[in-house]
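Pasting the structures in now, so scroll down.
Below are two complexes that have subunit A in common, paired first with subunit B and then with subunit C.
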Partner chain A sequence: MSHPPATRPIATPNERSGLKYIGLAPVVIYNGIFFLLPLLFLIWIGFWSTENYRAIPGFSLDNYIDIFSQLFTRSRYAYALLQTAWVASTTTILAILLCYPFALMLVFGVPERLQRFAVLLAIAPFWSSYILRLYAWQTILNRNGLFNTLLLKLQVIQEPLPIIFTQVATRIGILHYLAPIVILILYLVLRNSDRALLEASRNLGATQWQTFWRVLLPLSKPGIIYSALFGIIISAGDVLSGIVLGGGTGRSIFGPIPLFSTVVLNEYAGTTNLPRTSALATILVILLLVILAAGLKLSDPPRD
Partner chain B sequence: MSQRPRPSAGFNREAQLLRAFSRRRFIQFASTASLAAVSTRLIGCSPSSETAVTTGDTPASSSGNTLRLLTWPGYDEPEVIRGFEEEYGVTVEFKTYLGGEQMLQFFNQSPAGTYDALISDGEYVTKLMALGAIAPIDPSTVPNLSDYYPVYQDFPGFYEDDQMMAVGTRFGNYGIAFNQSIIPPSEVTSWEFLLREDLAGKLALFDWYLPNMGNASLALFPENPNPYDLTDAQLEEVKAWMLRMKPNVALVTPSVQDIVNAFINGDVTAGPVGDWVIQNAIADGNQEFTAIVPEEGAIRWSEGAAICADSPNPELAQSWVEYMSRPEVQARLANAQAYKGLAPNVKVIEYLNDDEKQLLGYVADPSDASKLLVESQLERTRARQLPTQQDEKAWQDIYNEFKAT
Partner chain C sequence: MTAIKLSARPTRSINLLKLVGWLYLGGMYLFLMLPILTLVIFSFENSRFPTLPWTGWTLRWYGDLFRDGRLIQSLGYSLWISPAAAAAATVLGFCAAYVLNRFQFLGKKFLSIVLIIPIIIPPLILGVAFLGLLSRLQLQGKLISIFLTHVVILIPTAIALIGLRLSQMPKDLEEAAWNLGATEWQALWRVVLPWSIPGIAGSWLLAFTFSFDEFVIAWFVSGFKQTLPVAIYTFLGANLTPALNAIGTLIFLISICLLVGVELLLIPILLGQRRSS
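For the complex of A and B:
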């Protein structure tokens, strides 16, 4: 049984046809209203100032000058960015390492007629609220929680493991959020990979491992890159797991330093200085856009 | 912290799920949901207040038989407000906030006249004055003031020059709360306790620079009448003290319920959060928790009722301020489900049952039987204020550094 590679439409519209503008319009309008406009507004407010606790429109670089002057001293924003980079990248790698075998199993191990149901089960966590899931994890991970109680009962450990209020706990929360997304992306890419190529590889004498390593894995590269993009962007932007599970200043190998998203949220909650917080948020958004652009560039098929 | 169990738009499904949970669980959810709302606002950058968690919607104006209030949680609980609604035949609508900065933000982002009255912490009265937000109150319209503790009869935080701007409704302190089944109370007497090495990763902090730095200031300079009046050199010492405490800090959160959870789950052992944060847990039977005011003193918070300058119903707003000064009302507010507090009105003790007296501290002080615990705590605590010698940002920067170190 062979499937046509369905990652690209069989027929693409003529590049010179005016129809493409109509086809693109909904995407452009949707992104314009719900992504670009708010983003531009956010960037714009970053140049405002405050007076008597009100945001005053204007153009001043003071917020950015102040923020960049505190990268390594006082508020130490660079350290929070470093913590974010560390937590986001490791969470993403973990997500892909855990979800790739899962997606492989879904595509090649589950009978065709059960696959939709299996995918539905895989994304089931999305049916419940993220916040509730984080609190559920809190009851599992805390000092007297399910996990520690179990390990103590089994005599694997003598003292409860300090997991809650560390970045390990933060990662677990984000991972739970991220896994269904990554599984879905990898499932679609693996399912649409050209089976004829896999069969050809086997017919030419390659072992299963060689077929996976030299055929299937390269074919699923776009899926891995998209998963990585989602992973980084969601992990770096998420604020709740770092607070509910990470304790707001969760410990990692870099020390008890908050994530940058937590810093942005807390600055806003503590000062309601919208312009300054917007400038901080803009820095995060720009970093994420750079990562997004790099990822999209990487996932571009080579043109010849 | 608190939300009346009336699901607001967007949280309906969660509310259904939460019916299976206790109210405490719901409060916990609501406090985080408010964080989510703030974070959504950050990214979306919408200046409207629509996304914020609220106990009611916010119509542009209120009619003569509706009073619209902006308050901390607790004031909206039926036991507190029902009497007013029945007495005056009106409906009271609430928007609750968590933190003075959020209160200012909600107020600022609503059209003039949205709120008739509000609850402000002492140090925010000045900020509200700067916005022209609140109107003076004639003390003669609040006869219960004569029953207040002297401190709250003419509390400087509620005055602008000689003009009264707010009437005290509730107060509490940020002393040391701790688990006495792990640490004997005899070892918890001074702020130095928070620096103990065996407490590494065992402290919970309420995420706000004012109480934490104020307490650090008291720890270092207990004789200073105003802990927020520090020279630059003294401020550096406060910073160093905070940084010494940092290795012990596991949790820094604005959510009261997250702190309570961490205590109950055994994830933290102590914290400079005060009794009001853990009294709900004690009331639920967790007798291992207690709180003290260290020998150097502790920072005290003070909530007061104020009338909005643009209120469409100033007379009704005035009546609510008077209502909130009554001992029977303050007794219910002190024992609110959202969080506990103490009452500025001395006569409140007549309206508390024995359990409430025990829980809230309306019992004889073990170290001085001539006083109630409440009274000796009031004497030994210092009002939370704004920094006087430096601007707020200088203090906030230090606090940010403390968190990021």
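For the complex of A and C:
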């Protein structure tokens, strides 16, 4: 999402133009007050303590000691983190595996004149309310929902499948949110990949599969990495799908364990313990920053 | 641009591949559209419970929606917060994008990264962070807080989109205006701004959508006056009603209008059609 650098400095009528400061000042001040300050506050409040349900300013490591000691004993937070890592990574991989062929079809299969419409149709769901889409998925995936009714009628299954309130349902919800974004990223990358290279590869005798595997796929690597980063950040930070479709403690291979984001939300809703909630959120920030840095390092092509 | 097919030499197996591809495309579209179709169809279903078989048509859930009024009231709140937040973010975003696009200065790259960062911090974290600050400022639980915090998360999209549009502007355009005697402000007002209008309108649309749909931050900072997603969330927990399908259908109608705007404004910018106007 960064800007392509200007190719050359522009000759302005007035190099010392004050426009620069007039343009930047509002946004810098605004983000300073309403973005940077809250984030610093978040970190600071994580060190506060709570007495009689009131947050007391100060500096104590109690929240963190408590959270980390529970990582190894009662394990609620540890399992929630593990669950999040598991759900977020599998959902992201699934999203890319499902959307890549879709984007490929959009670029190379759909006729040029229909492409804009096809893309628009694919990102259309993104424009309707996420929480209502999740509600609709509830209707579909419920024990007596459309999906089970259909399968029972077709006699594919004898008993309704338990999908709702599992992390499988959570994944479906997140996937549905993620798919339009991933499709758009992959579509743009694939569409802008150098056609001359593809033609050259074909002309030099490569099969279609070789052209895809050795030329197109490497060309689209940045798009895959950006999609993966979006996928991880969105699914690790997502609250709604885990609650609405996962039922709070969605069953998964680890057992019925909530996602970390659900724990953070419930911690606040249940106890309004802002210091503890802040400490948990800070931990999530740090983990995501590490993942982001690793991802960006990966997407940086090695210099030759 | 002409379409170049991966398949320069069509054979029977490629036709089969094509068929599989089209089936796949259809399947994915079904997956993408399924929840929305479900909402729309069941908003007219007579039975209280959205299950098959179909029991008949009704409009009573729409009646319920307006009689109860709570969701409609939240829709009202959302319908002033989101356009206002989108407008504020777009103005701030345009100013920043213009400076970043036109000027070279020390720390420019750093600044453009810093300004984009709010979009990669999960709303959950921002929600907790905003609550911490706002509760100190005695601002929590107010509608204005949702507006103030939403602007933060909308600025990055505005900067990115308007910046993209500006980067597609021929550099000589502004210089030509100066050479013809326009002042900086005149060139900005009469040349750069008109050029940016698709980007500005597109980013407003996108920002509006983000704000209109944002749940977690609004959940943390809102009090009794809830935006629509927060109100829907409370409904999901307490009293499930087919009125949710009805409001879903109404929102989908709004979003179709937005989509037309997206089709006209955003997609050309994203696809980089430089000579569109």
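Some points to look at:
Heads up, the rule we're going with is that the second predicted complex is superposed on the first by the 263 of 304 C-alpha atoms of A that agree within 3 Å, B and C clash if a C-alpha of one lies under 4 Å from a C-alpha of the other, contacts with A are read in each partner's own complex, and residues count from 1 in each chain.
The working rule: a residue touches a chain if its C-beta (ideal position, glycine included) is under 8 Å from a C-beta of that chain, and two chains touch if they have at least 3 such contacts.
These numbers come from a predicted model, not from an experiment.
Look at A:V239: by the touch rule set out above, it reaches both subunit B and subunit C.
Within the superposed three-chain model, A:A80 lies in touch with subunit B and out of touch with subunit C [touch as defined at top]. Looking at the shared chain after the overlay, A:H176 reaches subunit C, while subunit B stays out of its contact range. Legend: residue contacts after superposition of the two complexes on their common chain; A:V263 is shown touching subunit B, with no touch to subunit C.
Legend: residue contacts after superposition of the two complexes on their common chain; A:L42 is shown touching both subunit B and subunit C. In the superposed model, A:G205 lies in contact with neither subunit B nor subunit C. Counting the residues of subunit A that each partner touches, subunit B and subunit C differ, and the larger count belongs to C. Of the two partner chains placed by the overlay, only subunit B lies in contact with A:I164; subunit C stays clear of it. When both complexes are overlaid on chain A, the residue A:A281 reaches subunit B and subunit C alike.
With the contact threshold set out at the top, residues 38, 41-42, 45, 128-129, 131-132, 134-135, 139, 142, 144-145, 237, 239-240, 244, 261, 264-265, 268, 274, 277-278, 281 of subunit A are in contact with subunit B in one structure and with subunit C in the other.
Across the complex, subunit C meets subunit A through its residues 1-9, 14, 18, 21-22, 24-25, 28-29, 31-36, 38-39, 42, 49-52, 92-93, 95-105, 111-126, 128-133, 135-136, 148-149, 151-152, 155-156, 159-160, 163-164, 167, 171, 174-175, 178, 183-184, 188, 209, 212-213, 215-216, 219-220, 228-229, 232-233, 236, 244-245, 247-248, 251-252, 255, 258-259, 262-263, 267, 270-272. Note for the complex: subunit A touches subunit C at residues 1-4, 6-14, 17, 19-20, 22-24, 26-28, 30-31, 34-35, 37-39, 41-42, 45, 98-99, 101-102, 104-106, 108-112, 116-117, 119-137, 139-140, 142, 144-146, 149-150, 153, 176, 179-180, 184, 188, 191-192, 195, 198-199, 202-203, 208, 211-212, 216, 229, 233-234, 236-240, 244, 261, 264-265, 268, 274, 277-278, 281, 284-285, 288, 292. Contacts from subunit B toward subunit A in the complex involve residues 13-14, 17, 25, 28-29, 32-33, 35-36, 38-39, 41-47, 99, 101-102, 104-105, 108, 127, 130-131, 201, 207-209, 246-247, 249-255, 258, 261-262, 265-267, 392-393, 396-401, 403-405.
Within the complex formed with subunit B, the subunit A residues making contact are 38, 41-42, 45, 52-55, 70, 73-77, 79-80, 128-129, 131-132, 134-135, 138-139, 142-145, 160, 162, 164-165, 237, 239-240, 243-244, 247-249, 251, 255-258, 261, 263-272, 274, 277-278, 281.
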